[in-house]
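Structures given as structure tokens follow.
There are two complexes below, and they share chain A, which is joined by chain B in the first and by chain C in the second.
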Partner chain A sequence: MKRPEAGAFAAFLITYLFFALATPGTGFVSVNGTAGWLNLAAELGIVAIPVGLLMISGEFDLSIGSTVGAASMILALGTNQYDLPIWPMVFLALAAGGLIGLANGLAVVKTKLPSFIVTLATNFIVIGATMGVSRLIANVTSSSIVASDSAKFVFAARWGQANISILWWLLVAYIGYRVLSRSVFGNWIYATGGNLDAARGAGVPVQRVKISLFIATGLAAALVGILQGVQWNSGNATYGMGFVFQAPIVVVIGGVLLTGGYGSVTGIVLGTALFGVISSGIFYTGWNTDWIQLFLGLLLAAAVLANNYVRRLALSSK
Partner chain B sequence: MKLFKSVLAAAAVTIGLGAASPAMSNDEGPILVVSGPLSWPFFAAVKKGFDDAAEIFDVDYQYIAVTDTSNMTSDYPRLLQQAISREPRMLLVGEFFPDGMDPLIKEATAAGIPVLIHNSGQTLWEGNGSIGFVGEDPYQMGYKAGQIQADAGVTTGLCFNQVPGNPTVEERCNGYVAAMKKAGKETIYQTIGTGDATNPQAMTQAIKGSLQANPQIDGIYTLNAVPAMSALRAVDEVGRKGEIMVGTADLSNEALLAIKNGDLAFAMDQQPYLQGFMSIQIAHQYLNYGLHPIGHVKTGPLVIDSSNVDETLQVNKEHAGVRGAS
Partner chain C sequence: MSQPLMELRDVDKFFGSTKALKQVSMQVEPGKILCLLGDNGAGKSTLIKVLSGYHQPTSGTLLFEGKTTRFATPREARQRGIATVHQDVGSIPLMSVGRNFFLGAEPVKGRWPFQSIDTRLANEVAVDQMQKFGLTRVTSGEQLVGTMSGGERQVLAIGRAMYFGAKMLILDEPTSALGVKEAAMVLKMMRIARQNGAGIVFITHNARHAMSVGDTFVVLIQGEVAASFNRGEKSREEVLNLMAGGEDMSELEEDLEQID
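Then we have the complex of A and B:
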């Protein structure tokens, strides 16, 4: 019980049961209904895991939104406008994501400004640049993507109604788990976010930790852009803007402390799953959708409270 | 606030002196365009129209729009106010948010600045002193969609609004609902959280949920081409392909291909390129010769279905960005 994810697990169970009971006969708990909310959670989850690790190390990344859109537009412009094969474009998109992360990381550790502001600035810079360049090259800000069969399989294969993005999510979660809980680097992440000066004193390369995590976040955001782009055959500069705040939200639901130093990958995965259940399940209820954001807000607040309560319980039970 | 006061003062002076001296109309001033965000392919096409006409008529103009679409209701009146305070030769305005923008347009026209409205504001231009309007009537666009679906035998139609709170877009749903009601059909109005307006996966799952909760739905009308693709995916996922008629406002290349494949019944084009092009054309002719069309210049809706989709796809290939779809 003494684990960061205990609260998230309880909150997930309660929420899932709530929707299972509130949507009788609509197929929410069926295989296809489950594939639906997993598809939704997977894309958010891929980017939420590195964002969570970054938050454990004490930093934010709000530039993920525009990185998703930029990656999808790189695929679109390359394959549609210049008739280039998709695979080099995939690597170019990932490289762009990594570069954006590197720029964020360097800016944050060199200037010592709050990453909240630095990456918010990056978010605007990247979406502005994406739109400007797209307009210059192709006169559009969204464009079709021409994908090869191999790329379609890797990024958009479906089994029944379950997208391959769910496997990518599991893979990213596994890597995140190995790094955070089974490696020296993971200890450095906790140390950097827990007590920066002590970590530095103990010889932890805090700058390298932060820069690496910013790069990982950029790469993951680019991967989501590629997944969405290939799946919907279309790049769009505005893809991913919703993730800017959804990612930190699910990370916090998952038990990560906003102040850093505490959290787990399992918790983040559960927090993302909970968000997927809420934001898809609410439509199965058939309620008037004008109220959706109200319900979403209340359910999130309830989830975080339940989470907090269980965590305190867990930490006090010796 | 200071700018606002100076505009008011200038307006008061002009009114005081009578209409004879257009104090703020400046022969050397710029032509300013306050229009929609360029991140939307739709407004990218509007701007292409502005650009092409500006080149043909040798007109200089400046395009002003928001880059962040989360606070448009308050951002647009502010942008318009700033544009007015620059004493433009002429103002070409998309009146997206009438509550904040209409009083400002009245001030501008009272101060002698010629104003031409495009895209949104079709019911207001006569009252605020503008010289005309170029664009669609969103209510009529939705109404037409409702008529098409009702005629095709749809009994329960879902109007899916991905940007609740935008009055122009909401009018499309209102028109759709009115046409369906008039034909004695049922309608369901669905919205989605604001963070998910650009997430096709979230929109798919939302529509899928509604289709599961309301199995009687047999028609869907979306207000943009991106949610149209999400609606098609959702229909497929609930296993009712061919039973639910999906139509949309606005175009994209994917939407056109879906019409060609028979998955999407229709897309409604309000010809955004014409809205930009004709605005500049009218501005040029008004400023130089005092000429302008009388009344409402309609650019939509042009219904694109299986009968004319090939031609549209061809134009899209040869002239990227002109159709507002890519």
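Then we have the complex of A and C:
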């Protein structure tokens, strides 16, 4: 019960069993049904992991949504308007994501303003800039993407119902796990969020920790934009707006404390999987999908309460 | 007498026209505990900051290991072996003992990109070091620091500083927020650190704690050294009176006792 992911694990199990039992014979538990909810979770999961690490270090990033859209538009404008090959555009999109992250990071550590508000501003700046520039160049805010076969394989391959983005999610989760739980940098992430002054006193470069995590978040958001763009054959400035709050929600459901300093990648993955199960499970029950929001809201409220309790439990005894 | 670890000669520290320290001279010797006594506002904090490199003296000299020294930053002082442990200790409650102990100097195993913190080594060393300093209740390096008492965290912080080669420990009110048993544990630990050859500056306003471990005493009043003496040269009442600026504290104490 003392591990940060304990609550998310229990919630995932209960929810999964609920939908499995409530939808007999509909194929929710089949291979295709499983691929379905994993697909829904995967792209959110890719951004949720760096967002979660960032939250453990004590900062927020709400600019992920517009970064996703910007990355997809870079692919679209480059390959469609300028007839450029896709791979250089992929790297340009990643570079843009990294740059947005760097700007967020520098703005947050230099101004010492809350990252919540700084990245909210970035979110609007980036989506506005993406739309404006797209209008200037092509007079559109969405456009199709011309992808090579290799790019289509790497970003949009499908096996049955399962999308390659699930593998990307697993890869990002593995890297996130190594970094947070095994590496020296991971120790610094916990310390930065757990007690900023103590971390600084022990010689942890807290500003570098935060900036690095903002950059990682920007890169992950750009990757999701590339995945979505190539998959759907189009770029759109508004892609990814749903992630702005979904990502922090699944992170908190996964057991990360809003105040920072506590959480795990396993928990974040479980929180994201829970999101996938609910979004897909509702569909199988035949209920109106409007209920998803209600479910998520209730889960979030329960998670915040449970996290507080788990934290107290962790500090109460050996 | 051995060479002092650190010596201040006629150190002044002014902030604008405010004289925080006036002509302060003192010696920190290895293997000795120097108690720095004084009421609130006597200049103890400023003096600590001069010793630990946060402030540079306005005038006067600071000698470290016999050489005139000017620490540019607290980091430089730390690298030279001067460790400051503050009252709030600066540990991270939601992290394990092992991870706290090695924060900023984590032991690693394996090669990049599969390099990882050697958690077992970190936990073993941390627990071992704390037991050496008399803390036996903590037996697992995985235990979260937040579950430990204030005194135990002091032991962790002091043990950590000693492990990383501190020659001089500046302990800022390590016992003042603790209960009797906890304070005794920290005082015992200071004795062990002294045996290991550390020069200790013990800042306190508790004369009883100071008398129980101190070798030398410096009493600070309004930024000036009001008295400096060795163990056994003054009684507790005299020390209390000095700290209070010459007022007769023992009478006040008696008055207070009569109220009970």
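Note that in this section the second predicted complex is superposed on the first by the 289 of 318 C-alpha atoms of A that agree within 3 Å, B and C clash if a C-alpha of one lies under 4 Å from a C-alpha of the other, contacts with A are read in each partner's own complex, and residues count from 1 in each chain.
The rule is simple: a residue touches a chain if its C-beta (ideal position, glycine included) is under 8 Å from a C-beta of that chain, and two chains touch if they have at least 3 such contacts.
All of these numbers come straight from a predicted model, not from anything done at the bench.
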item: First (chain B), second (chain C), both or neither touched by A:178; value: second
item: Touched partner set for A:126, first chain B, second chain C, both or neither; value: neither
item: Which of chain B and chain C A:202 touches, first, second, both or neither; value: second
item: Touching partner for A:23 - first (chain B), second (chain C), both, neither; value: first
item: Which superposed partner A:8 touches (first chain B, second chain C, both, neither); value: neither
item: Contacts of A:311 with chain B and chain C, given as first, second, both or neither; value: second
item: Partner chain(s) touched by A:261 [first = chain B, second = chain C, both, neither]; value: second
item: Partner chain(s) touched by A:191 [first = chain B, second = chain C, both, neither]; value: second
item: First (chain B), second (chain C), both or neither touched by A:223; value: neither
item: Footprint of chain C on chain A - complex, ascending; value: 178, 182-184, 186-188, 190-191, 194-195, 197-199, 201-204, 257, 261-262, 311, 314-318
item: Complex contact set, residues of chain C against chain A; value: 75, 90-95, 99, 102-106, 108, 113-117, 140, 143-144, 146-147
item: List of chain B residues in touch with chain A within their complex; value: 38-41, 44, 48, 67-68, 164, 189-202, 204-210, 212-214, 226, 229, 237-238, 252-254, 320-321, 326
item: Touch list for chain A against partner chain B, complex; value: 23, 26-28, 32-33, 36-37, 39-40, 43, 124, 127-128, 131, 135, 138-144, 161, 228, 231-234, 236-243, 245-246, 279-286, 289-290, 292-293, 296
